[in-house]
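Okay, got some structures for you below.
Here come two complexes built around subunit A, the first alongside subunit B, the second alongside subunit C.
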Partner chain A sequence: MEKIVNLSRLIEELVKEYDVFAPVGDDNFSQFSPIKNLGEANLDLINTTKPLKNLFLPQSEKLFSVDGAKENITLEPKKNINNKRIILGAKACEVKGIELLTKVYTGGTLPDELFEERRKNTIIIGLSCLEPRDTCFCAALGVNPFEEKGMDLVLTKINGKFVMKSLNQKGEEFFKKYPDVFSEINKEDLEKRDKLKESVLKKQNLSLDLKEIKEKLDKEVDNPLWEEISQRCINCGICTYLCPTCQCFDIHDEAGKGQALCRFRTWDSCMFPDFTLMAGGHNPRGKKKARIRQRFMHKFSYFIDNFYEPGCTGCGRCIKFCPVNVDILEILKKVKD
Partner chain B sequence: MDINSELQKKVYKLFEEGTIKRFIGYEKGSLPYKTRPCIITKKEDVNRLIFDQFCVNNLSIYLRGDLEKTGILANMCTLKSIVALLQGNQVKPENLYILAVNCPGMVDPDKAELSSLPAQTKLMPFGYKNLYDKCKACHHELPKIYQDLIGEEISVACEPVDEYAFIKDMEKLTQDERWKFWEKQFSKCIRCYACRNVCPICYCKECMVDKANPQWVSKLNQSSTNEYYNLMRVIHVMGRCTDCGECERVCPVKIPYRKLIKKMEKEIKELYGYVPGKDPKELPPLSTFKEEDPEKGIK
Partner chain C sequence: MKNIYLPYLMVVKNIIQETFDVKTLQLVFKNEEEGKNFSFLPGQFCEFSVFGAGEATFCLASSPTRKEFIECSIKKIGKITNAIHELKEGDIVGLRGPYGNTFPMDLIKGKNLLFIGGGIGIAPLRSLIDYCIDNRADYKQIEIIYGARTPQDLVYTRIFDEWKKQQNVNLHITVDRIVGDWKGHVDFVPTYLKELKPSAENTVAITCGPPIMIKFVVEALVALGFPDDRIISSLEMKMKCGVGKCGRCNIGKTYVCKDGPIFSYGEIKNLMREF
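Presenting the complex of A and B:
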């Protein structure tokens, strides 16, 4: 079903029952944050600085605490306190990121409970992307600005109005539950939407032969490209921490003075030299070149081995924010040639 | 002769004469406004080198480690950082060939209308208003530590700016208001350490945040630990930082780092009458002491 939605009133209704998250901020800095009304959200952002990943895999997350000060040592596992929540305004590349993380975190025999529960408790209202950036290349990764996969409902902004379309049963129920906020859509609006879609898809139409790229990556382990990039890469955490699909974390135990010992996990990055540092002092990826190569191998070779698709959504954040212009798209093209 | 041919010719000669084995410069990036650092090791590669108004990276960070004879294209910011590196004994002057460039100021892509970017980026295609703030306050007096110089002399035809105006605004706030401001800023930090890795002054072999045993800084990402990291770093570069602005530029969450470092710079100037990045023979005030220092502890 699809109808015109009075978004402001819909949100008023939704916040009564759900935690509602949406892109908040400006061109300087933005992220998915809780909102109480439409005014707090910024649905015109192209994509947020911090990815949607943060709502499923927070940068730091307590797992349990051990209190040795009490008579008996007590172990308190961290409960998932997630209420039912709605994420509103997520673009296709963002949702694809969550799809890929879901494979990693819940695909095996031992699903990650914290992640799994968050995913289960989340309804995603997507947003068609009308203005891809010069760094976007989602189409090359099989996503596109109008992709609907992984969403429950999707919004498209046309002529200052929002069209809302349900994509599954969960989404369908919205139309029944909040009938007052919807109005019928007219033919003109629908035509306008289709035209918009066509023109956006025409702009964002890059294709990459990912199979060939994988073969070359696997074969040319000593491609001089890695050395060249590693000369200018400063090994920061930007490209991995802002990536909607980078998934690595480290586990730490810390206790403040007089406080219970806490075990938490916190993101880690394969770009950091101590990422692979072993207790005995050996570091299998001690060289920058090896670390740079790992980022590309993981996304475009190992991820395909494990999950049959690449671990990248083409969101372009790593291109936009890299301080020294390490451009993943440029590199993929170079690997191919 | 346009600046790129001048640059390429000179570097070619340096390789040919055997003066250098490596040259650190800039090359065209993957997007028109993303000119990037490059390191070349053969004279055949000199045609990669360019200089335009997007050469914002501070190249002095690539001088770390044991250097073979290295040439470097140094704009104002890079040059000032090299002064600081020389002061800290981080580079051997005998292995260094500095090719300075009269820098017209760099363009901030966030300010400029990039859609109107000319295909062949000429020098100075942009107005003064599009420059980085640090460039607007630049005095264009290159420290005389270079071996050669390219580019036309810059006649600074811009309105003079008070480089501390935004600091004075901050100083008007109460302590409480300032703390709230910074708490909010640091809560955005993702601890990617780009600000540290890009900083020429952050040359410690092991950074306090990486120290695991004993641990100095919590790995937990939260406002208080992020504050600790950021403030420690800023205090550590105080008096040596030359305001190259790289930490602020690279920060993906846009923490206004120059609001901190310029404050530090202003304090040092007022207390010691010292401005970093001018003379390699001087020593930064916090790295030295004098008999007549008012504090008793050090004597």
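Presenting the complex of A and C:
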């Protein structure tokens, strides 16, 4: 079903029952934050500075607290991860990032219940991307700005109005539950939407032979590219922190002043020299070149081996925010040639 | 809701000073019920917590056939191992696991076994050695070659006698150099292996130790006629989660924590392309 939605009124209804998150902020810094009304959200952002992964794999998260000392220790696990929540205004590349992380975190014999619980409690209302940035290359990764996979509902902004379309049963129920906030869509709007889609897809149409790139990466273990990039890279880790699919974390214990000892998990980065440093001093990825190689090989070779698709969504954040202009797209093109 | 990062609470029952920098901790489950449900096989590992210091990865050094304690043998070398060495009997620690694959239990059944250990690398081997001794009928001749830097660095000297008195078990001890009073063999482990010339006939070789030792041991084993799939080793990588999510223990597409830590030399050769 698809209808014109009065978004402001819908959000007023939703916040009564759900925690609602949407892009908040401006071009300097933005992220998905809780909102109480439409005015707090900024749906005109191309994509947020901080990726949506923060809501599924928080930058820092308490795993449990340790009460008592010595022989009287007990552990208090974190309870009740979150209420039912709605993420509103996530672009296709963001949602794809969550889909890829879901493969890592909920696959295998030991699924991560923290991640699973969050995914289960979340309804995603996507937002068609109408204006890709010059660093965007989602189409090359098989995502496109109008991609709807992983969303429950999707919004498209046409002539200042929002069209809302349901993509599954969960989404369908919105129309029944909040009938007052929807109005019928007219033919003109639909035509306008289709035209818009066409023009956006035309703008974002880069295609890359990822299979060929993987073959070349696998064949040339010691590709001179890694050395070349490592000379420029300063290992700041921003590419991994802001990457919607980078999964790595550290686990460590901290006690704030006057607070209980807690075990935390925090984002970590394969770009950091101590990421793989072992207690004896041995470090299998001690050289910058090895770390650069790990980052690109992980996304475009290992991830494909393990999960049958690349670990990248083409969101372009790593290109936009790299302080020394390491450009993942340029690298892929170079590998190919 | 469950939480895979929540460890079992363990009581440090006994602490055995193996060498000046290696201690074995004998642990029991604080909650007996959890202990009853805990099962593992030789080769698997755990994440060991000292609350406040953090978590680190160690092999389960005791045999699952000996249910009284779970043992970890730990060399004092970094932040967390230092904290472990500070522990007293009765303290509570955390343990997550068992994680990873096991030694190839089907492959070794009915075979002669050649164990080659160096330094603290004897710990994962010990789990399997004791397991084999407790299931003696399933295995043929057992040869153990074990070496350390000096006589003072030999771990498990307290159980050497128990191994030696087993039928069809031979223990060959060597040290890199003599410190103090030592009447035993002096040589590096790979050199001693070449000298002993064990037969590859119907035999599986299992080795663990410092990377440089493993490298030369494997060369010697290949020269002795051991095929790649009958040379088994345990790999070591930095780990945090132990369950394939935290992203640091991979060698190429292989995650040592969930695809390993036990690999055959054939598999290791493929992995080493990545370095």
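Here, the second predicted complex is superposed on the first by the 329 of 337 C-alpha atoms of A that agree within 3 Å, B and C clash if a C-alpha of one lies under 4 Å from a C-alpha of the other, contacts with A are read in each partner's own complex, and residues count from 1 in each chain.
Note that a contact is a pair of C-beta atoms (placed from the backbone, for glycine too) under 8 Å apart; a residue touches a chain by one contact, two chains touch by 3 or more.
Small disclaimer: the values here were computed from a predicted structure and weren't measured.
S.K.: State whether subunit B and subunit C clash or fit side by side on subunit A once the two structures are superposed.
M.R.: Taken together on subunit A, subunit C would fit alongside subunit B, as the superposition shows.
S.K.: Check the residue A:78 against both partner chains and state whether it touches subunit B (first), subunit C (second), both, or neither.
M.R.: After superposition on chain A, A:78 lies in contact with subunit C alone.
S.K.: Measure off the angle at the C-alpha centre of subunit A toward the C-alpha centres of subunit B and subunit C in the combined model, and quote it in steps of 10°.
M.R.: After superposition on chain A, the angle is 90 degrees.
S.K.: Thinking of the overlay built on chain A, is A:306 touched by subunit B (first), by subunit C (second), by both, or by neither?
M.R.: A:306 contacts subunit C only, not subunit B.
S.K.: According to the stated criteria, A:252 is in contact with first (subunit B), second (subunit C), both, or neither; which is it?
M.R.: After superposition on chain A, A:252 lies in contact with both partners, subunit B and subunit C.
S.K.: Tell me the contact category for A:135 with respect to subunit B and subunit C: first, second, both or neither.
M.R.: The first partner, subunit B, only.
S.K.: For A:232, select first, second, both or neither according to whether it touches subunit B, subunit C, the two together, or no partner.
M.R.: first
S.K.: Residues of subunit A touched: more by subunit B or subunit C?
M.R.: C
S.K.: Quick one: classify A:178 as touching subunit B (first), subunit C (second), both or neither.
M.R.: After superposition on chain A, A:178 lies in contact with neither partner.
S.K.: Does the superposition put A:329 against subunit B (first), subunit C (second), both, or neither?
M.R.: Once the two structures are laid over each other on A, A:329 reaches subunit B alone.
S.K.: What is the minimum C-alpha distance, in Å, between subunit B and subunit C after the two complexes are superposed on chain A?
M.R.: Here the least C-alpha separation of subunit B and subunit C stands at 6 Å.
S.K.: Residues on subunit A in contact with subunit B in one complex and with subunit C in the other?
M.R.: In subunit A, residues 250, 252 are touched by subunit B and also by subunit C.
S.K.: Under the stated contact criterion, what part of subunit A meets subunit C in this complex?
M.R.: Spelled out, the residues of subunit A in touch with subunit C are 63-64, 66, 70-75, 77-81, 104-105, 108-114, 117, 221, 246-253, 255, 261, 263, 265, 268, 270, 275-280, 282, 284, 290, 294, 297-298, 301-302, 305-306.
S.K.: So in the complex, which bits of subunit C are touching subunit A?
M.R.: Residue positions touching the partner: 1-7, 9, 11, 49, 51-56, 77-81, 90-92, 94, 211, 236-238, 240-241, 243-253, 258, 273-275.
S.K.: For subunit A, which residues are in contact with subunit B within the complex?
M.R.: 27-29, 49-50, 59-60, 134-135, 231-232, 234-238, 241-242, 250, 252, 254, 264, 266-267, 269, 272, 274, 319, 321, 323-325, 327, 329-330
S.K.: What does subunit B use to touch subunit A in their complex?
M.R.: It is residues 29-31, 34-39, 57, 61-62, 110, 188, 190-194, 197-198, 210, 212, 215, 218-222, 246, 249-250, 252-254 of subunit B that touch subunit A.
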